[in-house]
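Note that chain A is present in both complexes that follow, paired respectively with chain B and with chain C.
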Partner chain A sequence: MGIVWASIATLGVLLAGGLLTWWLEPRLLKAFGSTEPGPAAPLDIRKNPRPSQADPLTYYGAPIIALFGVVWATVCLPWGPALIPADVNIGLFYFIVVVDFVVLAVALGGWGGNTPGSVEACYRIVAQLAAYVVPLGLAIIGPIMMARSLSTVHIVEAQRDAHLWYIAPQLPGFVLYLVTGLMQVYRAPFLEPFAACIDRGVLGACGGWPGVLWRLALAGLLFVVAAMGAVLFLGGYAGPWLPGWLWMLIKTLAVMVLMLWLGHRVRLRGTADMLALAWKFLIPVGLANVLLVGILILLGVGQGPFPLVGSAP
Partner chain B sequence: MIVPTYAVVALAGLMTFGFALLGAALWRPRVQTLEVPDSWKQYHFGFATYALIFLAFDMEMIFMYPWAVVFAGIGVKAFLDMLVFIALLGGGIAYAWGMGGLKWE
Partner chain C sequence: MIAPVVEWIAFGVFAFIAVAGALGMTTTMSMFRSGIFLMASFIGVAGLFILLLADLIALLQVMMYIGGMLVMILFMLLFMHDPGGAMMSTHMSLKGPEKWFSLGLARRQTHGKHPHGQHEGDHGGHGDDMPMQDMSMYTAIKRPAAILALLTGALLIALLVWRPHWAVVHALPDQDSPTRIGELLMGKYMIAFEGAGLMILLGIFGAVLVQRPATPPPAPDRDQLKAAIDETPPPIEDDTLEPEVLDLREDEDR
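Then we have the complex of A and B:
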């Protein structure tokens, strides 16, 4: 693909995925009997509030920064062996870095919004970052070790060549990814920065076009995190009969439904609970998971005869 | 290889920016001013110690990424290296926990 077409495709995929998630998520939440939508709260099109004390640059710029994060994350999502906007060779490392632009955006937009709720959201989201980043990174290391590559395409090909989805040998890693993924996408039970008690943070302080951009970015965030879960643990676009992109979409939606369903089985958690859960439980589990995957690899699990193009030295 | 890759990243970013500005120019619903007090005040946030420990652990997690790529090619030696590293990290968490660092203040 040429550079221009690849960029247009990136935006198209994100727009399609984000809008699909925006449409689907409230229906799923209703089916699960949830009353707390969090970042999926509907946009009231008749209201366009603007806080009287807002700082215009950060207030209007923040949703665009959040969109940068999810658009750049979409660049490294594979939909087929050659159907990827750009096969970034440091793929997963790049992914975890660019997705956190959303945190930067909510922190900036919350501070710039200058309402009590949005400034509170700024603090809450930074605390949430300190909870999820390390265990999420540890969950992602498992598939990298087995596939010997950071590239998303290589990780899918490695699973196909070994005839093994990494969910099978790395079930603790997959569960860890689901839990920390829920923290990263701010869905129940970890929706503190967008909780109703602080008037939904930045979403409550925005309407009109910035409100649309925020919701698109937050729906797109759920989409890209679920898609990356499908790539890492469910074999991505690989599968029989159906075309690759359709498999990828099915697996992405499966991960999304599983995340939202799991999230609504438990009660909502506060920021302090979240930090304690991450540091006292998830990080030790993540470290143990790295060792477990290491032992499995030394025993020869998941090591199919695949070529190592441009990955290992 | 690296230039076309990041050209896509840059162009996708630019197009997002343009798309966002275009939307803002085309659709401008009437603004209702929300009268709120100035909220840029000093907050007490309870995760100061967490934030410091987080900085240290985030760096160490990043060190594991290059190791993870070459691990399967090197084998037992790389595994023992990481065993020592993880033992130190685990010791670090246990120490921070024991000293009361993992607490909302």
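Then we have the complex of A and C:
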């Protein structure tokens, strides 16, 4: 694929996924009986909040940076063996890094909005970043170890060759990914930066096109993180009968529904709770998961019929 | 792999981000913007790394600077008197890059709206002709320091240019550098790598241990501290800036 077509395809995928999520999420939340939409708060186009003392550079730049981060993350999502905008050889590391741009953007927009709620959101989101990054990395290391590659396509192919979805040998890793994924997309129990008590943080200070871009970026973020969960643990596009992209979409939606449903089983957590949970519980679990995966690999679980040792991917 | 034109354009964009970010970092009045400009500068350098096919280093650079810099900016904000730069850019006359990189920071002043003499007592006799406080960061050492920095930069560039010759290698860099780096870290340099990791971990433990009080503060002090935290702060008396208002108005476009 040429660079132009790859760019158009990436944008198209993100637009389709983001709009689907934007449409679907409020309905799911309603079905789960949630009263706190968090980042999925609807956009009221009659109200156009404009902070009177905003820092225009960061206030208007932030939603664009957020959307850029999510678009860049879409680049390494595979929708078929050859249906991927760019098969980056360090795809997963790239994914973790570019999703951080959304955190940067919320911090920028929060500071730039300069209302009490949005500046509070700026502080909360950085605390959230400090909470989830390490356990998220530990959750992702498991599939990387088993597939012996950082490339998303290789991870899907390794699961297909081994006839084994990584959710089976790495159930703790999958649960860890769901929890840290919820922290990463700021959904139900961990929606402190977008809580109603600080007037939805950045979203409460933005209307007009920044408001639309913010919501598209946050919906796209949920879609992208769920899709990466499907790639890592559910075999991505691999599946019988149906075409690959359809399998990928079904699995993505399944992960998304599971995340949102699990998130609404517990009460909302504050930033301090979340930091304590991450550093006292999730990181030890993640380390134990890495050890477990190492033992399983030595026992030959999840390795294809053709040994990958020594073969450069 | 990439067309040379695209490569040159990308180089231009990344180099511009790196240089303009550095300039903005040193000249803007806002501490927050300053940190963000520094981050932008480093991300521009990361783009140059990608052009050199060193994508792993580029991503490491971006990851370290987004997370680390955001936390650092927060600590800077907590220590600063005027982290948003609103006071400095409102009360100072800025020129050149200082003006351009501080655009939009200045606040409307409510001074002019009030009739003269109304606030006479509040300002302790200063009244409306309160002298423009010199809040600039100008110090006598600024100009010599700038010259010294420019000379150092020129010297570095000159050293690069005068270097006898650059070895030109036609082989492409290794496409699978993450594997090579991983093998080096876990093989040849394992002791150093693990040792550094262990030392950092011990350093974190030590920091946590040192900052913990040996005994909790006595109960009366604790109540006093808690009362001090809960107390509403006194209003700022000589604040000439408008209060922050979230302007919820009907959209005129509809």
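Just so we're on the same page, the second predicted complex is superposed on the first by the 305 of 313 C-alpha atoms of A that agree within 3 Å, B and C clash if a C-alpha of one lies under 4 Å from a C-alpha of the other, contacts with A are read in each partner's own complex, and residues count from 1 in each chain.
Heads up, the rule we're going with is that a contact is a pair of C-beta atoms (placed from the backbone, for glycine too) under 8 Å apart; a residue touches a chain by one contact, two chains touch by 3 or more.
These numbers come from a predicted model, not from an experiment.
S.K.: Output check: A:Arg50 vs chain B and chain C. Expected answer is one of first, second, both, neither. What do you get?
M.R.: both
S.K.: Counting only touches as set out at the top, which of chain B and chain C does A:Thr115 meet: first, second, both, neither?
M.R.: both
S.K.: Just to be sure I read the superposition right, which of the two partners does A:Gly294 touch: chain B = first, chain C = second, or both, or neither?
M.R.: first
S.K.: In the overlaid three-chain picture, which partner chain does A:Trp165 touch, first (chain B) or second (chain C), both, or neither?
M.R.: In the superposition, A:Trp165 touches no partner, neither chain B nor chain C.
S.K.: Between chain C and chain B, which one touches more residues of chain A when both complexes sit on the common chain A?
M.R.: Of chain B and chain C, the partner in contact with more residues of chain A is B.
S.K.: In the superposed arrangement, which partner chain does A:Val134 touch: chain B (first), chain C (second), both, or neither?
M.R.: After superposition on chain A, A:Val134 lies in contact with chain B alone.
S.K.: Answer with first, second, both or neither: which of chain B and chain C does A:Pro63 touch in the superposed model?
M.R.: The first partner, chain B, only.
S.K.: After superposition on the shared chain, which partner residues are touched by A:Ala107: those of chain B (first), chain C (second), both, or neither?
M.R.: second
S.K.: Under the stated touch criterion, which partner chain does A:Phe233 make contact with: chain B (first), chain C (second), both, or neither?
M.R.: Neither partner.
S.K.: Show me the chain A residues, by the header's touch rule, that chain B contacts in one structure and chain C contacts in the other.
M.R.: 3, 45, 47-53, 88-89, 93, 111, 114-116, 123, 126, 130, 133, 150, 205, 207-208, 312-313
S.K.: How about chain A: which of its residues touch chain B in the complex?
M.R.: Residue list for chain A touching chain B: 3-4, 6-8, 10-11, 45, 47-53, 60, 63-64, 67-68, 71-72, 74-75, 85-89, 92-93, 111, 114-116, 118-120, 123, 126-127, 130-131, 133-134, 137-138, 141, 144-146, 148-150, 205, 207-210, 212-213, 271-272, 275-276, 279-280, 283-284, 287, 290-291, 294-295, 297-298, 303, 311-313.
S.K.: What residues on chain B touch chain A, complex-wise?
M.R.: Going by the criterion above, the answer is residues 1-2, 4-9, 11-13, 15-17, 19-20, 23-24, 27-41, 43, 45-47, 50-51, 53-54, 57-58, 61-62, 64-65, 68-73, 75-76, 79, 82-83, 86, 89-90, 93, 97, 102, 104.
S.K.: Give every residue of chain C touching chain A within the complex, in rising order.
M.R.: 2, 6, 30, 32-33, 36, 39, 55-56, 59, 62-63, 66-67, 70-71, 73-74, 84, 86, 103-105, 107, 175-176, 178-179, 241-242, 244-251, 254
S.K.: Which residues of chain A touch chain C once you look at their complex with the stated criterion?
M.R.: Residues of chain A touching chain C: 3, 45-53, 55-58, 88-90, 93-94, 96-98, 100-101, 103-104, 107-108, 111, 114-116, 123, 126, 129-130, 133, 150, 199, 204-205, 207-208, 312-313.
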